[in-house]
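Paired with chain B in one complex and with chain C in the other, chain A is shared by the two complexes that follow.
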Partner chain A sequence: MISMNPIRSRNAVPRGLVRRVFPGAITLVAMIVILIVCGTIQPRIWSQTGITLILSPIVAMVIASQAQMVMMSIGDIDLSIGFFVGMVTTIVATILPDTPTLGFLALGASVLGYTLMGALVQLREVPSLIATLGGSFIWLGLGLFALPVPGGSVPDWLSSYAFWTPPLSIPVSVITMLTATVITWFVMQRTGLGARFRSLGSNPYALIRSGGSVLRTRMLTYAIVGILGVLSGITLSAEIGGGDVNAAPGYTLSSIAAVILGGGVFTGGRAVAWGTLFGAVTLGLLTVLLTLLNLSSNLQPAVQGAIVIAVLAGRLVVERVVK
Partner chain B sequence: MRISKCLVLSAILAMSAVTMPSLGLAQEKKPTPRVALSNAYLGNAWRRSMVAAFEKAAAKAKDDGLISSWQVSNAPGENSATEQIAQLKALLLDKPDILIVNPASAEALNPTLQQACNQDAVVVIFDSSTDLKCAHVVSNSFSDWARLSTQAIIDGIGGKGNVLIARGVQGSPPEKEMYAVQRKLLDAQPGIKVVGEVFTFCDAAKAQEALLGIIASLPEVDGVVGCGEGLGAVQAFLTAGRKAPVVAFAPSGRALKFWGEGNGGPGSVAVMSDPGQGVAALFAAIAIYNGQNVPRVTVFPPVVVSDKARDAWIAAVGDDQIASWQWTKELADKQIQANIAGTVDKAALPPVPTH
Partner chain C sequence: MTIKTSNASDRPLVQVSQAVKTYGHTRALSGVELQVNAGEVLGLVGHNGAGKSTLMRLLSGLERLDNGTVDIGGMTTPGAFGFSGVRMAYQESSLAPELTVRDNIYLSSARWLPRWCWHKAAAESVVSRLGEIFPDHGIGPNEYVDDLPIADRQRVEIARATITDDLKLLILDEPTESLSGSAVDHLYNYVRKLKATGVAVILVSHRMREILSVSDRVAVMKDGAVVSIHRAGEVSERDLLLAMGGEVLVTEANATPFGPAIDGGRSVVVRVPMTTVSGEATEITAREGEVIGLAGIVGQGQEEVLDRIWHGKRGDIKVDATRAYVPGDRQRSGILPLWNVDRNLTISALSSLSRHGIRQFDAEELLVDKWVKKLNIRGGSRATITGLSGGNQQKVIAARAFASNARTILLDDPFRGVDVHTKAELYQLIREEAAKGRTIVWFSSENSEMQHCDRVYVLRAGRVAGVLHGTEITDNRIITMSFAESETNAA
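Right, the complex of A and B next:
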């Protein structure tokens, strides 16, 4: 007889792969369950407009979570991503529509700012938590400077992309999410750059011995986080129809939760682009689920917390079994 | 045969001609609306009182046949616009007839609320402003708040004496608006001298701290003109061993009890923006849905607890609640009429709750 537990059998898949993929798979299952429950309560979800309605608010969150995932792959944590995304929306809503060149320069400069933050973490040995926490205040200040009161308007090309109806009734939000995930996955898993990132997270000495520069790797990581942050901010400003530096401070902690749900670890060395996608969508769908369940006002926050804990507990149980 | 067929046909035609207009009339009467309230945040006493008042009023409106169903949805997180957008979109799946929104941001919800308007929902925003053309706004005016509380304190100290101005959140637009009204009313009183100004953020704890810092340098103070920090102001004066001035409390159960125990100068008042605004927005939305004339922006009064009505309010407000007006369809209609007539300043306040 074949062993009941395929993981324990001799022909088992590599443990590292299992450990990396399983939590994301659990989250995928949770995501599908939540989606089915939502669709049972409200069958209008199963249409292009329905899917677009529930997924479009999650797109920016997915990209911000990918940024956090890249950051966590080298063992750093980014506490500034929420305000960075907010600051990007203020640039998009003020400078970009009238003077696109200047706008893109400003966005480029913010990516450069992120890169310098990476250099600071490496050179001065500042913990990333502290450096990014400080960074968050800088982004908040710059965002308030660009746009003190929420408002502004987004460039036409951006709103026409957001309201684009792609053929084959595929929702545009799904296209954006998948594109961001595929690119992040490709960079992290299929390029030498991604390998260096993960190596910096798991074993920096191996990176140095193989001739890599820790400083350059860390700066490149922060640059990629910055680029993803800019993309997240652009999609968010399409969603909110303007700029607001305070639009998404919640992304900071939610994106960390999304990475953890997706199988990431605080210690670094693991890149889980797909898991992070599922984690972010699951977290985003919770709001939809709670709204559709129409629970009593006092119960809603508790139920949200309970679902997140249940998914994480599921992951812990799975990891125990895998070990 | 043929003739009889023609006759039958023409009879049918004639009948339908008769019945059609009445059918048309029947269709004009819309079905009773389905209502959804989207609230961005449930983390403070004001929002909890707002939701509690709304749930009570909506249940009654359903019993009275004014609405066919209602739903309250509170977005998770700390007053997050992105969470509220997700929540609103989930609500839109259900195509509600009336969408009432207490927004996390005056701007960020605009594209989403525009989608709601495109679905032919009546959208009413309260406790905020918006420049979204298709939405109606129900709000309390900060000038009314400042006018009612300042006038009560002027009356409380008999129109003469020293007052201190407790200002709100430094640099915020509502604060500027309220300060202008406070100054105007105080400057019109020759017997009143402003002896100082202090930023208290309309918060009792911050007021107590700020006042203790400057209290030694102050002369006799008869009144503190402010925006709901009275509890902290009275405690600061009592700590310093001085006579408690006439103050403006927040109408929270706790502050009202403190006031009822004899703290605060006689003639004190409690004023705050009304958590019953959500209920006012509900009745305004029903009026709009039924085709009544409602201005795009309708101003409702803030909640005011006067010295005389204090004990009745204490009985009606729980410890962890904020006092709120109990709007009914009739009262809300009257206030809407006052808005159309431009007589909001003189409109009568709703009755004090009696239980």
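Right, the complex of A and C next:
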């Protein structure tokens, strides 16, 4: 009970920071290793076109993973993000090109739908898993209603962004990924809103006693998840050149895996934007690696799963040693 | 919300009158009268359930009254941020462990920090405030709270409460429970400093000596009311204990021998090594057929003792028999909400009732019928458990433990908030089961319950403060013993 306070240097890197950054750093190393292996097998990926080719399919997944990360920072889990992204692609491919105003209104309404889902979770004490699972069927239904079979076309401004060749040979996909990550990181770590999100995940009483509203905070979280989901959907439409509600159901579980790889925790309170970026890119690059190794891409989920389990087990071992 | 501008010096800062607050069956506050003046330190003492925490929650604006009025500096209803100028340092921390010290400060004091670029300001304010209160602290603003030792968390919690521009009333709830000697002195020096600047401080503590040395006046709460207010200079520890309902014979209570039970015939089934408040080795023992009580102020190690017995083999605990555990209402960990009463009741007994791993439904049914009838559980065996009242749910959970074939039953304050009638039924059940040779170890926050025990151990700071046998077990003696302090532990 009584412990002398060891004198700690105030400028030393806090242990807690190391513990929080470490998993993402490990994932970054894994990502670099995979890139190098890919580059060794196929040196042509070391070009603007090459990098664009392997990273473009991952961009939407990165943004969806950031959405999941925001959700998990308050201790909730989103099982609807995959179909939500799919539904957004159908709106982008049908309403947006001809009637932009209506299209943006529809996208805004989707964000509002997410916000209301947050209110439902808070007010009715529905577990987020259940509420978002229900939500996923709503998104699927709305998406099928908007666009029963894959198709449609994306607005011109969107395709011209996708085919934009930025200066200095930086691939456009890298720019989009980094922008999404920097913005998410800024909101979660540098603003008061982010501090409130994380406190809701860590200790709701801290939030309540400081005069904050749990309902409002949860609704804002879901709104931000919705906005990121919309951005992910727009990016995905640009990538596939149309809309398909079934384009990305796999995002739901892969995004959770990406957050965990990046150092997120199911219990909430942690926001790891950079780690999530590395996690999502690592998972995406696995497909490339399997293709280059001439392994069936049908094996991909199994390999992804094995890697997630291996990383988690490795992290546990290392954390025990560090402690 | 009415704000009067008059600041007549004769008007108290805090004026509580006729404050009444009830939760279900429990009357937490029954007409509290209290005044606190600016520039005054008011000590607040009372035993479990006296209403201290409810009153503090009321003053910090987290609770609304059922009846009566509160007036703090002219404000009669709390706003979104409670009463203006009132800040509280909580006993169970209100810090978010996943956040850094700096982010926690922002969370709680955002209104007094810049809207943007608050990071530096929050870090600076917490470092300077910590330095002001605890000059020898070593806490960095970028450290995560879950890395801090408990004493440092308490330091941050106290500093957090004081970071505001308009502090009028500071409430400290058991601030020194986890602080060591010099930190305690530093804190009280700071309290005196605040007092000199006209801030009122309410100090809730179980440590009588600290209360008496720091406070101007001491208010004693009992059964949801302030029963007496004393000038700190004119009152002794003994007077305060007496006012709380304790017994005057402090010396006699301390001298109660730590001997073995009178009847040595039956075998000892539970043996937990402990130390007394003065540091000598002792044991908590329970014999077959005994009802053993664990009493004292809540959170002084009673649940740890139950936990040690429950986990059995660890360390030097001796537990012979099979065990069953009855959790309290507070945790709500006991019920399986999707199951009916019958399934909830038989879950612990299933293995003994089944044959070769196959359930014997008729035997289960017999058992359920027996207990539903015996404890008079309303709704019968088929009712959904969540449809039952809290009291009836507790009956089911108790019945589950007693329906198993466990020889030792651990009770973790299970009757808190249960109505009187149900309680009486359960007390009788406990005595009956003990008579059949079962051993019962029972932690209760209600001292009057303890008279159903054969022997009661009163705990203080994880140590045994005293043992009471049979007719010695009275509210008064338990209260007196709960406040026992060893000489080395004194502030």
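What we mean here is this: the second predicted complex is superposed on the first by the 297 of 323 C-alpha atoms of A that agree within 3 Å, B and C clash if a C-alpha of one lies under 4 Å from a C-alpha of the other, contacts with A are read in each partner's own complex, and residues count from 1 in each chain.
Operating definition for what follows: a contact is a pair of C-beta atoms (placed from the backbone, for glycine too) under 8 Å apart; a residue touches a chain by one contact, two chains touch by 3 or more.
Since we're looking at a predicted model, the values are computed, not measured.
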Quiz item: Given the touch rule stated above, what does A:Pro301 touch, chain B (first), chain C (second), both, or neither?
Solution: first
Quiz item: After lining up the shared chain so the two structures overlap, which partner does A:Ser210 touch, if you call chain B first and chain C second: first, second, both or neither?
Solution: second
Quiz item: Of the two partner chains, chain B (first) and chain C (second), which one does A:Arg270 touch, if any: first, second, both, or neither?
Solution: second
Self-check item: Touched partner set for A:Thr40, first chain B, second chain C, both or neither
Solution: neither
Quiz item: First (chain B), second (chain C), both or neither: which does A:Ser160 touch?
Solution: neither
Quiz item: Can A:Pro57 be said to touch chain B (first), chain C (second), both, or neither?
Solution: first
Quiz item: Is there a shared patch on chain A that both chain B and chain C touch, and which residues make it up?
Solution: none
Quiz prompt | chain A contact footprint on chain C (complex, rising order) | solution = 60, 62, 80-82, 88, 90, 94-100, 103-104, 106-110, 115, 118-119, 127, 136-140, 142-144, 146-147, 149-152, 178, 180-181, 461-462
Exercise. Please name which positions on chain B make contact with chain A in the complex.
Key: 39, 42, 51, 55, 71-78, 80-83, 85-87, 89-95, 105-112, 114-115
Self-check item: Complex contact set, residues of chain A against chain B
Solution: 38, 42, 44-45, 50, 53-54, 56-58, 60-61, 149-151, 236, 239-242, 244, 246-251, 284, 286-288, 290-292, 294, 297-298, 300-301, 304
Quiz item: Residues of chain A touching chain C in their complex?
Solution: 1-8, 10-12, 14-17, 20, 190, 192, 195-196, 198-199, 201-203, 205-212, 268-270
